[in-house]
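What follows is a set of structures for review.
Note that subunit A is present in both complexes that follow, paired respectively with subunit B and with subunit C.
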Partner chain A sequence: MLKYIVRRVFLLIPVILCVMTVLFTILYFTPGDPAHIALGQEATREAIAAFRTEHGLDDPFVVQLGRYIYRAVVHADLGYSYAMKSPVSYELSTRIPTTMKLAFWAVAFSTLVGIPLGVICAIRQYSFLDSVTTLVTLLGVSMPTFWTGLLLILAFSVHLEWLPSMGFSTPGEMVLPVVTLSGSTIAIIARITRSSMLEVIRTDYVRTARAKGQKERTVILRHALPNAMIPIMTIISMQFGLLLGGSLITEAIFSISGVGRLMIEAINMRDYPIIQGGVLFISVAFCLVNLVVDILYAFVDPRIHVR
Partner chain B sequence: MGGTVMNKTVTGNSFTKGNSMWRYTFIRLRRNYLAMAGLVVILLLALTAIFAERIAPYGYATQDYMMIRKPPSAKHLLGTDEFGRDVLSRLIYGSRVSLQVGFIAVSIALAAGGMIGAVAGYFGGKIDNLLMRIMDVQLAIPTILLAIVISSVLGPGLFNLMIAVGITAIPRFARLMRASVLSVKNTEFIEAARAMGASHTRVILLYILPNCMAPLIVQATINVANAILFAATLSFLGLGVQPPYPEWGGMLSAARPYLRSNAYLSVFPGLAIMITIVALNCVGDGLRDALDPKQKR
Partner chain C sequence: MNDAQPLLDIRNLFVRFHTDTGVVHAVNGLNLSLRKGKSLGFVGETGAGKTTTALAALQLIQSPPGEMTGEILFQGRDVMKMTEPEKRAFRGGKIAMIFQDPMTSLNPIMTVEEQIMEMVELHSAVANTRERAREMLTLVGIRPERGKDYPHQLSGGMRQRVGIAIALACEPDLLIADEPTTALDVTIQAQVIDLIKKLQSSVRTSLLLITHDLGIVAEICDDVAIMYAGRLVETAGLRQLYKKPLHPYTQGLFDAVPRLDTDPGEKLAVIPGLTPDPTNLPEGCSFSPRCPHARHVCHERSCGMKEYEPGHFVDCHFPLDFSSGNRGDGK
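== the complex of A and B ==
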């Protein structure tokens, strides 16, 4: 088991290096001189030349790429934000906790709502509740995050005045962003849980469990649900990537100062080092979540042999 | 996945006359009310987009300074925005952007991803390994972020929006195509075609591709919905189509400051996006069920 985990972690390294290379290459060939962005349009030619030498912008592409990867890997230094005049890793590190908090609560909330909802729908297939849930989940996957957020603000902040529409520090402030971000994930998790449970409920071992005279509760929770978990876990880990992307929009709507909002500001100011660092952070987080879920598979389903 | 793909495509398409797989698929699809309703909505939207000039009561940039941010009335059915422009007309013109981006972006992804997947699956070996590892790297970056990075690099505009959204969907099509090619590759009719002297290009284009289309078409339908959502998201962030041309996501972004005073401005564009996506999802789900042999009645 340990060997498998170590091997998977090592396999991540080339992927992350390639992601760094791709991001660096895309942004390197972008029109627009970082020196101009940093010093403004009125900067003298000498100032720009000095800036370019200081930051090594005149070096060949390969040298710059190598330096970027070396610094990132060895010194955890992701470069320097020209627009914010501070290191990228510092700017990111102050905002990562907020984004992680948002993503964690969104995953927790959507799992806690989505799985029970899907299970109930599967048990009571074709009931009224099932039809309503099917309809609501269809709408849920079809609503853009930013619109869900605006509607929630409209209902709970503007009309009912129950919840604040800005910030993310008190529990009250956290409700709307978390619900906004979880919206489509709840819908997707509920859908997958329902179809996966429906498949499992018809198997022979579930019938055997019932025939033994076990309580319905035990049959569903002990026998059926664990066997339906693999596709559910896959979808949750896939959703995590979408959630991190969605946090960009959610943070913008609710004025939360996380990584997402930092990146949107960076996009508007064409501050490429920050964009690079932010995407890299989110991609690494995404890869790690996928890795953890892959390892969890083996715990949930002992039939999956770890190679 | 590969196994089921092969069964339905091979038995359906190649050995019977007149593309009967598609006929049966359509017959099954027609029984699905939700999918048919979705199809009707999409056709209506397409007509709206094509005949926007004739349907829209006002131009998309026609400003009326006497009618700034007026709620829905008989004259302006969905009200007017902060420049006194008719919201309904802007929504109608906006359908052009959404549908164009949706379909063209997915076509780009389908063509590029399909080609990569077909080559990787057909030739196998080193090429396969190389192409699929590249796809893996792309999959490591969450799609919406990649779309944001690419479009911030390319700059705003309809064409760049299509490319940005299209590129992000390539790996999915490539993987799907590779899986279906692998399942068709070793069948006798491919061997027969090769024995008769058909070139690799000819085998891929005329023998393999037609037998791999079913899963790709389902994926494409669902991806059009995704592409429209992405395009709206990018426009909401100011990276998409530039004003004054209307885009649903951009309209929502412009409506944000007036959320407290003019809520209707934030409701209608979102509703337009949602209806389109719901319709596309219904068609996609219906097509998937219709093409899935497990569901056969």
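== the complex of A and C ==
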């Protein structure tokens, strides 16, 4: 088991290095001189030349790439945002906790609702509840977040005046963004749970459990659900990774200053270092979530680590 | 309970499944009884409804789409009328089942001893369930320390032994073995059959052996029932039936067994045609479309079970070879 985990962790290193290289390369070849952006359009030739020398922008590509990776890995220095006049790592670190909080609660809420919903639908296949859920989850998957978000604000903030429509610090403020983000995630989790459970419920070992005289509840919770968990966990982790990358739209609608909004601002201002840092964060977050899920797989399914 | 009363008595059982393509008539008016302490071989082609009958006896037919009518008396009680908790106590505790495919019938994410322990916890008052599970493993010839293994770490034969250990852990009154050797290598088949035979006598359980292998039946069964298209066509004591198969279908089954004394390359005798489509059973005797001896009456109505000699029942208008060494019709 430990060997499995260590191997998975070591596999992350090349992946992250590759991501950094690709990111740096793309931005390196993107038109737009960082010196121009930093100093503004009116800067003199001399000033620009001085800036380029100072920041090593005239060095060969490989040298710059090496410097970028070295600084990022050793000093956690992701560069400097000239537009915001502060280090990228600082800007990110102030935003990441908010985004993590939003992503965590959205995933937690979706899981707590989605899995039981999917299980019930699978047990009572073709029942009224199943049909209604299928319909509602179809809506949930199809409705874009900006639309559900606006509808929720309209209903709960404007008309009912129950919940605030902005911010993300108090529990009250957290409700609407979390629910908005959860809409499609609940739907996806419920659907995957349903289909995965339907497959497992028909297996021979579930029949064996019933033939032992086990209670139906135990058959489902002890024999069927754990066996159905792998695809469910995969989907949850993918959703979590996506949400960590900043739920751009939801953050914009509810004026939450998370990674998503930071990225939008940076894109608008062509603030390449921030975009680079943000994308790197998203990639690393995705990798880490995948790592955690891979380790959880092994806990759920002994076939993965016991030979 | 007196000994004259059968342990399991299935009367006029019908099982149908309502599917998108029509109603599947899986079991059609089956009558079957199993004497206490005996073993009954339940023989028929794939799709004849053998497994469905066993699942019906355990009340494990999912409804919908399944639908059951008739009576299944176990120790004189109709299992169809039992409450859900009674059925649970009865499954595993009174009737246990060994399933056909050991590769898929064990839970892949539980250790094998946990799976045996689950059965023990449900149906016995044994305090140390782990101890009991290990005893069972030893009994079926697996080293008890292998109990900590998961099913994928065991071979097919070992998994089937685990299946047997689970089924016998609470000493059920009736053991249903559903083609316990079909998925196994020939060498392992013999071991598993010997094991079932040995344990059946030591645990003193009755046995319903579902198979299509007449050789295995000859080895362990006292009685034989031949099933075709959801109903019995012939039932008798082992010797009676092997000596004198009356139904043309039974005869066909025997002819289809490869023999060592035929010349190499010679074709096996096969029963022409296919088992009838269970959504669309033929009128009259269900075997009539394939029967080489079928006559007009066979296509109109089936004969119904008749006792041709004591203990030997057959459902055929013209049973083979009876009394004179000739067919009833004088061919």
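Following the convention adopted for this analysis, the second predicted complex is superposed on the first by the 302 of 307 C-alpha atoms of A that agree within 3 Å, B and C clash if a C-alpha of one lies under 4 Å from a C-alpha of the other, contacts with A are read in each partner's own complex, and residues count from 1 in each chain.
Basically, contacts are C-beta pairs under 8 Å (C-beta built on N, C-alpha and C of every residue); 3 or more make two chains touch, one makes a residue touch a chain.
Keep in mind that this is a model prediction, so the values were computed, not measured.
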Subunit A as common anchor, with subunit B and subunit C clashing or fitting: fit
Which superposed partner A:209 touches (first subunit B, second subunit C, both, neither): second
Partner chain in contact with A:52 - subunit B first, subunit C second, else both or neither: neither
First (subunit B), second (subunit C), both or neither touched by A:8: neither
Subunit B versus subunit C as contact partner of A:143, first or second or both or neither: first
Partner chain in contact with A:268 - subunit B first, subunit C second, else both or neither: first
First, second, both or neither for A:36, with subunit B first and subunit C second: neither
Touched partner set for A:153, first subunit B, second subunit C, both or neither: first
Which superposed partner A:71 touches (first subunit B, second subunit C, both, neither): neither
Which partner, subunit B or subunit C, touches more subunit A residues: B
Shortest CA-CA distance between subunit B and subunit C [superposed frame, angstrom]: 7
Sites on subunit B touched by subunit A in the complex: 133, 136-138, 140-146, 148-150, 152-153, 225, 229, 232-233, 236-239, 249, 252-253, 255-256, 259-260, 263, 266-267, 269-270, 273-274, 277-278, 281-282
For the subunit C and subunit A complex, residues of the former touching the latter: 58, 60, 87-93, 96-97, 99, 101, 104-110, 118-119, 122-123, 150, 152-153, 163, 166
Complex interface listing, subunit A residues touching subunit B: 15-16, 18-19, 22-23, 26-27, 30, 138-139, 141-147, 150-151, 153-154, 158, 241-242, 244-246, 248-249, 252-253, 263-264, 267-268, 270, 275, 279, 282-283, 286-287
In the complex, subunit A residues that touch subunit C: 203-205, 207-215, 223, 226-227, 300-303, 306-307
